[in-house]
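Input: a single structure, listed below in structure tokens.
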Amino acid sequence: MPTDFRQTLETFENPFPQRDYTIETICPEFTSVCPKTGQPDFGTLTITYIPDQKCFELKSLKLYLQQYRNHGAFYENVTNTILDDLVAVTEPRWMKLVGEFTPRGGIRTNVIVEYRRG
Amino acid sequence: MPTDFRQTLETFENPFPQRDYTIETICPEFTSVCPKTGQPDFGTLTITYIPDQKCFELKSLKLYLQQYRNHGAFYENVTNTILDDLVAVTEPRWMKLVGEFTPRGGIRTNVIVEYRRG
Amino acid sequence: MPTDFRQTLETFENPFPQRDYTIETICPEFTSVCPKTGQPDFGTLTITYIPDQKCFELKSLKLYLQQYRNHGAFYENVTNTILDDLVAVTEPRWMKLVGEFTPRGGIRTNVIVEYRRG
Amino acid sequence: MPTDFRQTLETFENPFPQRDYTIETICPEFTSVCPKTGQPDFGTLTITYIPDQKCFELKSLKLYLQQYRNHGAFYENVTNTILDDLVAVTEPRWMKLVGEFTPRGGIRTNVIVEYRRG
Amino acid sequence: MPTDFRQTLETFENPFPQRDYTIETICPEFTSVCPKTGQPDFGTLTITYIPDQKCFELKSLKLYLQQYRNHGAFYENVTNTILDDLVAVTEPRWMKLVGEFTPRGGIRTNVIVEYRRG
Amino acid sequence: MPTDFRQTLETFENPFPQRDYTIETICPEFTSVCPKTGQPDFGTLTITYIPDQKCFELKSLKLYLQQYRNHGAFYENVTNTILDDLVAVTEPRWMKLVGEFTPRGGIRTNVIVEYRRG
Amino acid sequence: MPTDFRQTLETFENPFPQRDYTIETICPEFTSVCPKTGQPDFGTLTITYIPDQKCFELKSLKLYLQQYRNHGAFYENVTNTILDDLVAVTEPRWMKLVGEFTPRGGIRTNVIVEYRRG
Amino acid sequence: MPTDFRQTLETFENPFPQRDYTIETICPEFTSVCPKTGQPDFGTLTITYIPDQKCFELKSLKLYLQQYRNHGAFYENVTNTILDDLVAVTEPRWMKLVGEFTPRGGIRTNVIVEYRRG
Amino acid sequence: MPTDFRQTLETFENPFPQRDYTIETICPEFTSVCPKTGQPDFGTLTITYIPDQKCFELKSLKLYLQQYRNHGAFYENVTNTILDDLVAVTEPRWMKLVGEFTPRGGIRTNVIVEYRRG
Amino acid sequence: MPTDFRQTLETFENPFPQRDYTIETICPEFTSVCPKTGQPDFGTLTITYIPDQKCFELKSLKLYLQQYRNHGAFYENVTNTILDDLVAVTEPRWMKLVGEFTPRGGIRTNVIVEYRRG
């Protein structure tokens, strides 16, 4: 997973950093490519976080996620890497990422990854 | 966000202040304007609170929220500011505000803000 | 809210007082009148309780609630008063009342009241 | 409630007694008779338990519940008695019974009963 | 339940073992045969786990589960045995298996089994 | 059914009488009283019509329907009478009224009445 | 199927015989007994009709249907016989009966019967 | 209703005019102002049409509909006028407009308007 | 598709042959094997028919369908063949078979076949 | 729209050409690129047809549709072109294509195209 994907992500200043509050962003149009079969995968990503000084900007998030469109990546890698990228760029107090992928071979898989500031 | 919006809010005396109880008010017809694009935004606001001496009056809440109709405001600002206004006017024991906004660019966002009396 | 409404409520002896268990009663046909506008209000009341020595009888509950049909009462008063009446008559170990009212002016309200034996 | 109803219940040996696990059985076709009005009542029973040495056999459970078909019993009695019978026969580590009954006079009732080994 | 079924299961290396995260896999096409009646049973298996060094590979999971297609097994045995096999092969930090089976005789049953590393 | 109820109904001039079009009005808060038992009935009325020169005004419709709140009337009478009143006052090209009433004794009833200009 | 069941059915005079209109009655609590296995069957009956001079009375319908509670009858017989009884007693312009029965052996069955005055 | 609203609407050439086919466009974020009360109204517009030589462009439709945001208009006027504007600009073979408006005073209204080329 | 599968099907005499009525049977637990990949397929079969002199017996239908459990068959073949078998055995006035199969490769397929007596 | 896309489509011989029957194929993972904005579009395609001598093969359909993944195409063009390709390759008796696309700018669009053999 190339770490330069995260350069697309832009942030804006959290307007209420004095308060712990939660932002939940749902992206039902995520798609990437299975590195084993070359077939496209589809899923919904739900990002929930408590911002510290920075919030991610929604349009830049959309462009960031579109980079995976023709990129090969397994479910476990995709969700962990996107969490790492979003954490690196926004430095939140807490963040959780849920990836829900469409069925393949009659089986469907969700991956749930969480970051808590140490 | 002009703080004089809150002057529209009216309250009535809590008829049962001796008891902690919860009032939940759901407003599915909230609309404001994106300050960046000038395009209208739409969402549902859910206000939940434990009143102390004052409850907000529903008709004044409706008029208060209508002031945002042609007002430019980002999601994070809107939800935090409305919480601040409602807290300032009703001085509740506890209050929570959830804003669920309709999709833009295939992505939708919720903001959850909470106040707990110190 | 006249306290003599509660005289309609009848109870029967809890057949299993040795055990803490929960009874949940859902009344989707509650209606009263708004004391300000004179317009009818509609809602669903959900009563949940752990009985001690007495359970309320369902038919008497129906007749008790029908007394509000042409009675003026605000949401907060209605739910708190009904809880007080049911607690006075059944003396439960614990009771909770949720009132969910239909939308007015595009806004809808729920009131949640709870009693816990001191 | 005749205690000889429980003689219909059969058990089989729990194949994994070394592990605490949960079995949930849902019976949407329960029916009995109201002892006051003689009218049939209908409901869904959900039995959840952690077995110890014995599990109840499903066909015998069906036959056990069919004994209530023409038997007069109030909701509170039915749910507490069925729990007692199932506990007596299977001696579980924990068991919970939820009875959800269909509406009568615009009101519907659920009864939730729980057993925890002393 | 033959223990050689588990030889079909393949694993791959957990790409993010430094983090506790959760993988949830839903298999709505599980079928086996009732050993008593010889009739087919149908159900949905949901496997949730926190991987340690190994994740199970989805295609091998599908083939593993297909081995039960013509195999006689009671619900309680099936869910406990599949959990044991998946634990033996992936050695997870935590795993939970929920089996939800379709109705028989108007009654339906779920079995919930959990493993937590000692 | 007193025919003077219809005097409450007000109309406004159809702004597009040159075109056949359809107006559908849904009233989920209808309530009347059963003349036999004295118990309140509840239902949803759906009025669909092609206006000619007149449309009914919504606030007057609300007040018209509220007259049935403490009025005794069987389902079949209520729906036929309301249709007759609405037809008499608005003289539509076509009108249909569907009344869907809440369950009583485990049975629920809908009544569908239609008017077509001769 | 004993034809004397129909003696329980009572009618009242159709208050609007000059107009063709439709009455739909939904009975989700129908139960009878399978004559082959002796096991109870459950289903929802939906009766739709255009009355002529007579409508069936709802309480008598409930009592009529309760006669099937301990009566052996196959689905096809039950639905055809109930239609015949209701037609004989109410002599409608048109009537349709839909019986939707709960699953047995993983299979569920609906029967649709219609009467049209010759 | 000012007819110059329609100047905002842009069209593009129908790429398949040789074939009758249907385009359905759903706009759940329509809002205007009630001319009587000054209060905002909300609704969903669904436009269905068979294009001839021209299709309306979606972004221009969005801007066209936004002109109603602070404009006073009754439901019947809004839906008929928007149909007229869309027909005037795209000259379709057939077009239908359904406006579904949110509840006011416990009553909600839909308006269905249709155009068929003479 | 071996034609001797149909020998499992049993019929009983239609109790009301003098009337055209409809029987609808829904089988959500159909499974067969893909002849190309050897992988199991799953689907729901809905059989609707107007019987003439014979109705198919439900238990024999279940056993008939279970013969496909380990049999290789494409969707189009399965649905057409089952219709042919059911028509041959019951000689109905009309019959329709809908097969709805679960997704494969992100695509799902339904096949609808109908027989009308010549 | 390059017409060589259709070369990916493969067919197999209709096993029951003597009978008019219907095949319905639902593809919820369709994605292409908006030629104006360069942004990805997402939608569900539903293809319904009565085959003549040929049926399209599902895996080749999947590969055919994947060619649109990075291809610029408006909704109206996409649906009409895919219909043309499928008609050219399978020469059906009748075919219908419904494209349902996800919302953009708060507006969503469906396109319905139909072919009937002349």
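Things to note:
As written, the chain order gives the labels A, B, C, D, E, F, G, H, I and J, with residue 1 at the start of each chain.
Please note the rule applied: contacts are C-beta pairs under 8 Å (C-beta built on N, C-alpha and C of every residue); 3 or more make two chains touch, one makes a residue touch a chain.
None of the values given here were measured: they were computed from a predicted structure.
Graph distance from chain B to chain C, where chains that touch are one step apart, equals 1. Any chain bridging chain D and chain H, meaning touching each of them, is among C, F; the list is complete. A comparison of the E-G and B-H interfaces places the larger number of contacting C-beta pairs at B-H.
The most distant chain from chain H, with centres taken as the mean of CA atoms, is D. Computed centre separation for the pair chain D/chain E is 28 angstrom, with centres defined by C-alpha atoms.
In this assembly, the C-alpha centroid of chain G lies 46 Å from the C-alpha centroid of chain J. The distance from the centre of chain B to the centre of chain F, each centre being the mean of the chain's C-alpha atoms, comes to 37 Å.
Centre-to-centre separation between chain B and chain E, using Cα means, comes to 46 Å. Residue positions of chain J touching 2 or more other chains: 28-29, 39, 42, 102, 104-106. Listed by label, the pairs of touching chains are A-B, A-E, A-I, A-J, B-C, B-H, B-J, C-D, C-F, C-H, D-E, D-F, D-G, E-G, E-I, F-G, F-H, G-I, H-J, I-J.
Interface residues of chain J facing chain I in the complex, by the touch rule stated above, are 14-16, 19-29, 55, 58-59, 61-62. Those residues of chain B that touch chain A in the shared complex are 74, 76-77, 79-80, 104-114.
Residues 28-29, 31, 39-40, 42, 66, 69-70, 102 of chain I are the ones touching chain E in the complex. Touching chain G in their complex are the following residues of chain E: 39, 42, 102-106.
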